[in-house]
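After this come two complexes, each holding chain A, first together with chain B and then together with chain C.
Moving on, here comes the complex of A and B:
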């Protein structure tokens, strides 16, 4: 059995259980916000998506470091999948953030919110990961350069947050508080369960993607063995590691 | 005699016959001298950057429809123009090495790979410094920011630190992009987000200097953060640069 398939069933069930529990807590247990009402519920999906995707970018950088040190392709695949999933989660995070901003502040986009702005900069940077990979043909060089990018960009995530937050703090002095720092207990419970659910979803999807890539490679090898080299079309240029 | 000593004697014998490879700084100085000589003979990069910057000031004049700029607007126009000029220089940085086999020659030589990073970053820094000798007077002429004379000292500090960020990140991104098919596109799209923190520090710091009744001293917190951003990026680039030169 492939090592990507290990624990996959358990992980999938855990994701499902935590998601259902998180959604149930969000809609039936956590009270409506006094000012924003029901619309504030989007907070329970938006913030976990944002947190998990940022951790995923940093994780991609960590995998990149290991790939550069060990030169094993599996780490490049892990780094790629982590960043790929984070990008998908980021799109969800940005869209839900825009909806929340519209409800809470009346605008789709708010420049005075440093967390939102630095998130956008990070997403813009990681949007270039796939084009970078795609424009390098040699797979060896592609994985090497992609890892260098993931290391630099992974380190950029905390740096960028620090600088954008400081710029707001210096320009408009205000009390720095952590997100969710003032949540009442029932809201906090729903929030943390949702964070775990989204993190589990991230891990599950990552494993599924790696398994799918591996299976596709195996199928190709088998088809080539059975039908001959000519029957299987060569792989086109790809941004993904094979 | 043990194996290790034999190897040591062998290498000692080899070093007596062949000249010792130059150190990192000497190698970097040689590459930098080569780059500056090529630039002085062809005038390919810096004049283009200067013309581009002046053209950008003119474009900002028409886009903003302002005869004079002050405060944050002035700082923003200067910062953005310099950043775009730096991107222009970044695109050209490794082109000669790639097209004329410089990379192969460098990889064959028994020298420290980091020397290439040091030399290219120094070259880009010098290009930016020379560019600013033209760009800042042109900015004073076209934008006429208030108190530019008294703010000059602080501005020079900010320019120096911002140039280090442009040079360090620019060199890294350029090395990353030069072997890709669409390097003219890949370089700027990776470089711009990475430069945003430097741009924030530079624009907010110099914005204070160009304000009519603002403080005369440059805001220390922005100098400090910009400096830290330079240091972190330089260390990071130094650590990963070797991987970009492998064949």
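Moving on, here comes the complex of A and C:
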């Protein structure tokens, strides 16, 4: 059994259980917010998505460091998958945030809000990761350059987060802070369960994607072995590690 | 003063409007995840089809080998 397939079933079940529990707590246990009313329920999905995606970018950078140290391709694949999944989660975070902003502020997007704009900058920075990979044909150079990018961009994420926090403390509603957050008990429980659920979803999908890529590679190798090189279509230029 | 606190709902936006936006946000997020899973499932189906093809080929080759072994040597 592939090491990517290990624990995948357990992880999937845990993700489903936490998601169902999180949604139940969000809608049936946590009270409505005193200022925002029912619309605040968006926070229980929007904030975990944003947090997990930012952690995913940092994780991609950590995997990039390990790849640069060990030169093992598996770490490049992990770095690529973490950033890939983070981008998908970021799209969800941005769209759910825009919907919340429409309810709360009457606008889909507010350019003067530092947290929103800084998050968008991080997402746009990581959007260049795949074109960067695609622009380099040699797989060895591609993985090395991509790892360097992931490390630099990954280091930018906490820096960017800190700068915004230090400069504008009260513009964006703060769900978490260094004193333990502003959420009362019942809301905090629902929120943290949703954070765990989204983190588990991230881990499950990441494992799923790595397993799919590994299986695809094995099928190609098997085809080449059985039918010869001519039977396998050339891979062509790809952003994904092969 | 906490910016978010539990309490009685106010008329910040009407419940009817809020429900539409909350449903919209959750639907968008789950749609993104479902689209991703759909793409992955499509790739998986392609891979399974290719594997089945290779499996069939291996079986055909295995069946051919005993036939050749049975042929009398010239």
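For this structure, a couple of remarks:
As a working rule, the second predicted complex is superposed on the first by the 222 of 242 C-alpha atoms of A that agree within 3 Å, B and C clash if a C-alpha of one lies under 4 Å from a C-alpha of the other, contacts with A are read in each partner's own complex, and residues count from 1 in each chain.
The rule is short, and it goes like this: a residue touches a chain if its C-beta (ideal position, glycine included) is under 8 Å from a C-beta of that chain, and two chains touch if they have at least 3 such contacts.
Just so it is clear, the model here is predicted, and its values are computed rather than measured.
Of the two partner chains, neither chain B nor chain C is touched by A:24.
Once chain A of one complex is fitted onto chain A of the other, the partner contacts of A:137 are limited to chain B, with no touch recorded for chain C. Of the two partner chains placed by the overlay, neither chain B nor chain C lies in contact with A:13. In the superposition on chain A, A:91 makes contact with chain C only, not with chain B.
Number of chain A residues touched is higher for C, counting chain B against chain C. In the superposition on chain A, contact of A:166 is made with chain B only, not with chain C. Within chain A, the residues touched by chain B in the first complex and by chain C in the second are 170. Only residues 30-43, 45-46, 49, 88, 91-92, 95-96, 99-100, 102-103, 170, 173-175, 182-184, 186-187, 201, 205, 208-209, 212, 215-216, 219, 222-223, 226-227 of chain A touch chain C when the two sit together in their complex.
Contacts from chain A toward chain B in the complex involve residues 68, 121-122, 124-125, 127-128, 131-132, 135-137, 141, 144-145, 147-149, 151-153, 155-156, 159-160, 163-164, 166-167, 170-171. Against chain A, the residues of chain B that register as touching in their complex are 172, 176-177, 179-183, 185-186, 189-190, 192-194, 196-197, 200-201, 204, 221-222, 225, 229, 232, 236-237, 240, 243-244, 246. Only residues 2-13, 15, 17-19, 21-22, 24-26, 28-29, 32-33, 36, 40, 43-44, 47, 50-51, 54, 57-58 of chain C touch chain A when the two sit together in their complex.
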